[in-house]
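As written, the chain order gives the labels A, B, C, D, E, F, G and H, with residue 1 at the start of each chain.
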Amino acid sequence: MNNITLIINGKSRSITAVSNVLELIQHLGIVESQIAVELNTNIIPRGDWEKTKVSNLDRVEIVQFVGGG
Amino acid sequence: MAYSTEDDKLVLGGRTFKSRLLVGTGKYSTFPLMKEALSKSETEIVTVAVRRVNLDRSSESLLDYVDPERFAILPNTAGCYTEEDAVRTAYLAREAGLSDWVKLEVIGDEKTLFPDTEALLAATKRLVKDGFVVLPYTNDDPIMARKLEDAGAAAVMPLGAPIGSGMGLQNPANIRIIMESVSVPVIVDAGVGTASDASIAMELGCDAVLMNTGIAGAQDPVAMAEAMNLAVRAGRMAYMAGRIPRKLYATASSPVEGISR
Amino acid sequence: MAYSTEDDKLVLGGRTFKSRLLVGTGKYSTFPLMKEALSKSETEIVTVAVRRVNLDRSSESLLDYVDPERFAILPNTAGCYTEEDAVRTAYLAREAGLSDWVKLEVIGDEKTLFPDTEALLAATKRLVKDGFVVLPYTNDDPIMARKLEDAGAAAVMPLGAPIGSGMGLQNPANIRIIMESVSVPVIVDAGVGTASDASIAMELGCDAVLMNTGIAGAQDPVAMAEAMNLAVRAGRMAYMAGRIPRKLYATASSPVEGISR
Amino acid sequence: MAYSTEDDKLVLGGRTFKSRLLVGTGKYSTFPLMKEALSKSETEIVTVAVRRVNLDRSSESLLDYVDPERFAILPNTAGCYTEEDAVRTAYLAREAGLSDWVKLEVIGDEKTLFPDTEALLAATKRLVKDGFVVLPYTNDDPIMARKLEDAGAAAVMPLGAPIGSGMGLQNPANIRIIMESVSVPVIVDAGVGTASDASIAMELGCDAVLMNTGIAGAQDPVAMAEAMNLAVRAGRMAYMAGRIPRKLYATASSPVEGISR
Amino acid sequence: MAYSTEDDKLVLGGRTFKSRLLVGTGKYSTFPLMKEALSKSETEIVTVAVRRVNLDRSSESLLDYVDPERFAILPNTAGCYTEEDAVRTAYLAREAGLSDWVKLEVIGDEKTLFPDTEALLAATKRLVKDGFVVLPYTNDDPIMARKLEDAGAAAVMPLGAPIGSGMGLQNPANIRIIMESVSVPVIVDAGVGTASDASIAMELGCDAVLMNTGIAGAQDPVAMAEAMNLAVRAGRMAYMAGRIPRKLYATASSPVEGISR
Amino acid sequence: MNNITLIINGKSRSITAVSNVLELIQHLGIVESQIAVELNTNIIPRGDWEKTKVSNLDRVEIVQFVGGG
Amino acid sequence: MNNITLIINGKSRSITAVSNVLELIQHLGIVESQIAVELNTNIIPRGDWEKTKVSNLDRVEIVQFVGGG
Amino acid sequence: MNNITLIINGKSRSITAVSNVLELIQHLGIVESQIAVELNTNIIPRGDWEKTKVSNLDRVEIVQFVGGG
């Protein structure tokens, strides 16, 4: 089988295996601009998304800007 | 020498701004309403929060309504209760925003949303060391203000009153003392409820005012945004113009000579 | 329904005005300075005093610097201590100015320049009967305000603080009560020292503010005139926009959900 | 010369009093409660109202609980809206009370209970002429205060805030000006909500304070009566003692020399 | 249930006190004057400073005028600018005074005499660990107040205004929030200028007030000491008695029925 | 018949004829101390109560002190 | 001789006789606009200046607008 | 010669040699109650004064209570 489980933004999700962060973001259909990605507590610079592997049970945080004071 | 608006700019973190009003983007009923309010406020710096992307429904992006060409985006660390959280959020914000400015908040308590100044100072030191332009939301204690300046903060942002309380400047004396204690800009952050609150802060000599709920929570946010814009400018000009002294007694404004009898 | 400045005019004595700031012409060091300050204030109504022509040296005329096409000229009866004096001065002013508007003052005491409301009321009745548009300078007593309205005054102009004192609104509660007691316009007259004082009066719901020393006595009268213009507009817009309520405690302006941990 | 309470008496209408607190007798849930509160207040002057005897049920008499040997009874003309009513009520009170003291009220308006100063002044003149000791409840207008003094009032009693509002002194500046404008005693009447309100009035230099609702309406009227007694004395002593000036900055209270290092 | 002074004691550091007024011993012109003032204030806790013995001239000892049987002696660490100095001074005080109570001050700045709360918190932790009863002089930040409580402080003593400034409580809202944030006694320390300032602090619900300059600097310190004693008691009783609510409008204190017409 | 009607404190009352104010007060059972009596808008001093006649349809006001501020 | 004395704005002045208010104003060299004239306590409307005679010892008040609040 | 030099309260003083803190206090004529003594940055409890030696060039701090707020 080719599914993996990731903890994305605190929720466990089973998704088709993706090989790296870039694929993950695209798979999730997130607009790539103005977001930040943290993989297992390490922030992954945009430039490293493609070369950063994602494996089963990784913790992923994906954040963006929202209205705030 | 007459006062000229042209020569009176706000210099913050090495950048120059015409407007002395910083506005938050939270709590607007719709993004278009927010956009119009921001426009009427004539602010050049808007604050934003950092939150998880919602994966279950695609929602419009705030930034579709806040043109980064027009506004400097100032991410905050609202909701962070520890030095660690605040620092981490600042890093996420820098990665997302490609800018190293941060409105640094380390909240001490959910009910009052007062800052935890001890953790705030520690976080400021770390972020400054790593090249951030740190604008800390702090209490109105002049000693803490100076420590933040010494730690490299680009400004100090004492609260005028609790966030969202709309009570206006509760302790003008402390704000005045802070201004005499530090040389970085002093920005009153939080507590502004109506136009005169903003004017009073500026008349004390503050460099700028930051607000969110005062505008977003008004019955007509767009009108209040314009009111705040006028109020900040009015207060600044009055400060520069040099007000008359207060006296218990009266002084005639019409001549006392030449009265026809 | 969003607030629009266009639909929000001051109606006074049957005339309509965009500006809610009335400005005095006394105490300026020079006429050109006064002219510039009036211009920056964007006032449409200026007060003047009536005094004997100086026969020994010909001096420039005030009216060479106050264009009657642009400004409504409102003569006052400053310096009058009796009903008789005030009424006579009003007649002289009408003859000189060819207008029947008068800012009616009957001063009760040289030190405080408080009005003698008893004589003021009597003079108001006489002048109204004779067709004057009477704008009485009164105390902040709601009962007297209603009596003046009943006597036909076109507005009531309670003092915010002693003339020239710059203390700002001393009794906002009374001003609010006056506004609920009369239906004619309420104009805060005297006591304004700086921009926020003017905003506060307007935020209470007053229809306009009248000042002289606050502008003319500032170190930079032209800048202060502009500040007062902005402040009156800011206060009015804030009043119309509907401010947030005051609360002792805080309310977050950034979302409390979606915080990344 | 040290201040001594013994030499500091209130002289009012030719009589001398140790206490500077005048207390009303209205709105107590029971007469015994009132009696205890009056006792704890240590007042020497109590106000009463004049009303129709109830013929349908015999009710206890107020005066069974207010010993005329201990308290000077000061009838008021509360509820009178015209000069005529007030004067007539004063006559009825004199007949019933066999004393010629009257707290003169001519109310201008049911909602604010502000005085109608025009009618008040006229009634004062008539009653003074007929030998009354008139203590008029008036507004805080210094000009009116002087007119009442000139009319023969034994004191002037400006309101601190609307009757029963508990807002405390709304316009200390006016009260100060009144004290410099008249030579009869100045008694702040109405508006006191808690102890510090009474102290503030006395610290301004007022001769006495009159209150009713502030005590009778408290959750524990007896305790509040004692609090008000202490507060009036505290404020008076502080006024006589001569307070320190206000300064923006600090002055050490401990020696700056001799610090061990 | 009526309020009784008997059951209303201040419990501080495990001891019980009748008086809620703490008084400093600095700045009196003579020791006998101080002694009389302390007596009239009816305080039970007096603060003292620790300084080098003067070897060149033998001077009278403060303690000849402050009977330790009557007053609890509370040494302060005034003049200390670092955690080290403050801790060392506390130890010296304990050795000299044979008591382990200390009013802990770590001053951040000579001009404002505001506390350095960071150092204050550290010093509190050390002294509490070594068995001191620590009463820290702090700012009016509720978060810091709770940290001091968590560190084991026996009370928190926020400043009402800068030491010796006599400005009175500058931020009542913060003091109220502090009282809801901690369970140890809250003592307003510094800033009291006159009697009503002390009453206001107590009316907010504070447990006690500490002052020095307000008494010692008055023209008649003995009279002011008595005034402060009365004021603190008045404010406390008013707080316990439960004041009437504030209202914009009036409520008659005399009956509105039964008026004779 | 020997009843008269008086307007006492604004209310019309039919009572046994009384010849003067003193009798009226006694008849009404009012404690005589600390009250004042007005007859047809004239205040009647205590000393004149007895010699002051009361007739049919007279307006009588009888007032006392009550709690007030 | 053809001089008269007038009390103008409180000061006594001896001037060449003028027959009416208009002449007086012109004689004094006062700009005619925006002034008001009172002759022996009666305000003289501009239109009546010419027909209003001025005689010896008349009290004349001439006022204008000045700066005021 | 039997003089020693001590730094007492920040000032250097040459005094007759004293063997311990207690003697020093007595020599200086200081009332012993309610003072505290620090010798070379160590606080010396009253009970240890006698057994605590004082030697040349020692730093001594002697403090008492004074008026303070």
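We take it that contacts are C-beta pairs under 8 Å (C-beta built on N, C-alpha and C of every residue); 3 or more make two chains touch, one makes a residue touch a chain.
Bear in mind the structure is a predicted one, so any value in this text is a computation, not a measurement.
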Problem set entry | Labels of chains that are neighbours to chain B and to chain F | D, E
Exercise. Where the contacts of chain E and chain F overlap, which chains show up?
Worked result: D
Exercise. Roughly how many whole angstrom separate the Cα centroids of chain C and chain F?
Worked result: 56
For this session: Just give me the whole-number Å value for how far the CA centre of chain B lies from that of chain D.
Result: 46
Exercise. On chain A, where are the residues touching two or more other chains?
Worked result: 9-10, 38, 61, 63, 66-69
Problem set entry | Multi-chain contact sites of chain D, meaning residues that touch two or more partners | 24, 26-27, 49-52, 76, 78, 92, 112, 114, 162-163, 167, 173, 177, 212-213, 248-249, 252-255, 258, 260-261
For this session: Any two chains that touch count here, so list every such pair.
Result: A-B, A-C, B-C, B-D, B-E, B-G, C-D, C-E, C-G, D-E, D-F, D-H, E-F, E-H
Exercise. Given the complex with chain C, which residues does chain G contribute to the contact?
Worked result: 8-11, 13, 28-31, 33-38, 43, 45-46, 61-69
Exercise. Within the complex, which stretch of chain E touches chain B?
Worked result: 108-109, 112, 114-118, 121, 139, 141-144, 146-147, 161-162, 167, 170-171, 173-174, 177, 181
Problem set entry | chain D-facing residues of chain E, complex | 2-3, 24, 26-27, 49-52, 54, 76, 78-80, 85, 89, 92, 111-114, 162-167, 193-196, 199-200, 203, 212-214, 216-224, 226-228, 230-231, 233-235, 237-238, 240-261
Exercise. What part of chain C is in contact with chain A in the complex they form?
Worked result: 252-255, 258, 260-261
Exercise. Chain E touches which residues of chain F in the complex?
Worked result: 9-10, 38, 61, 63, 66-69
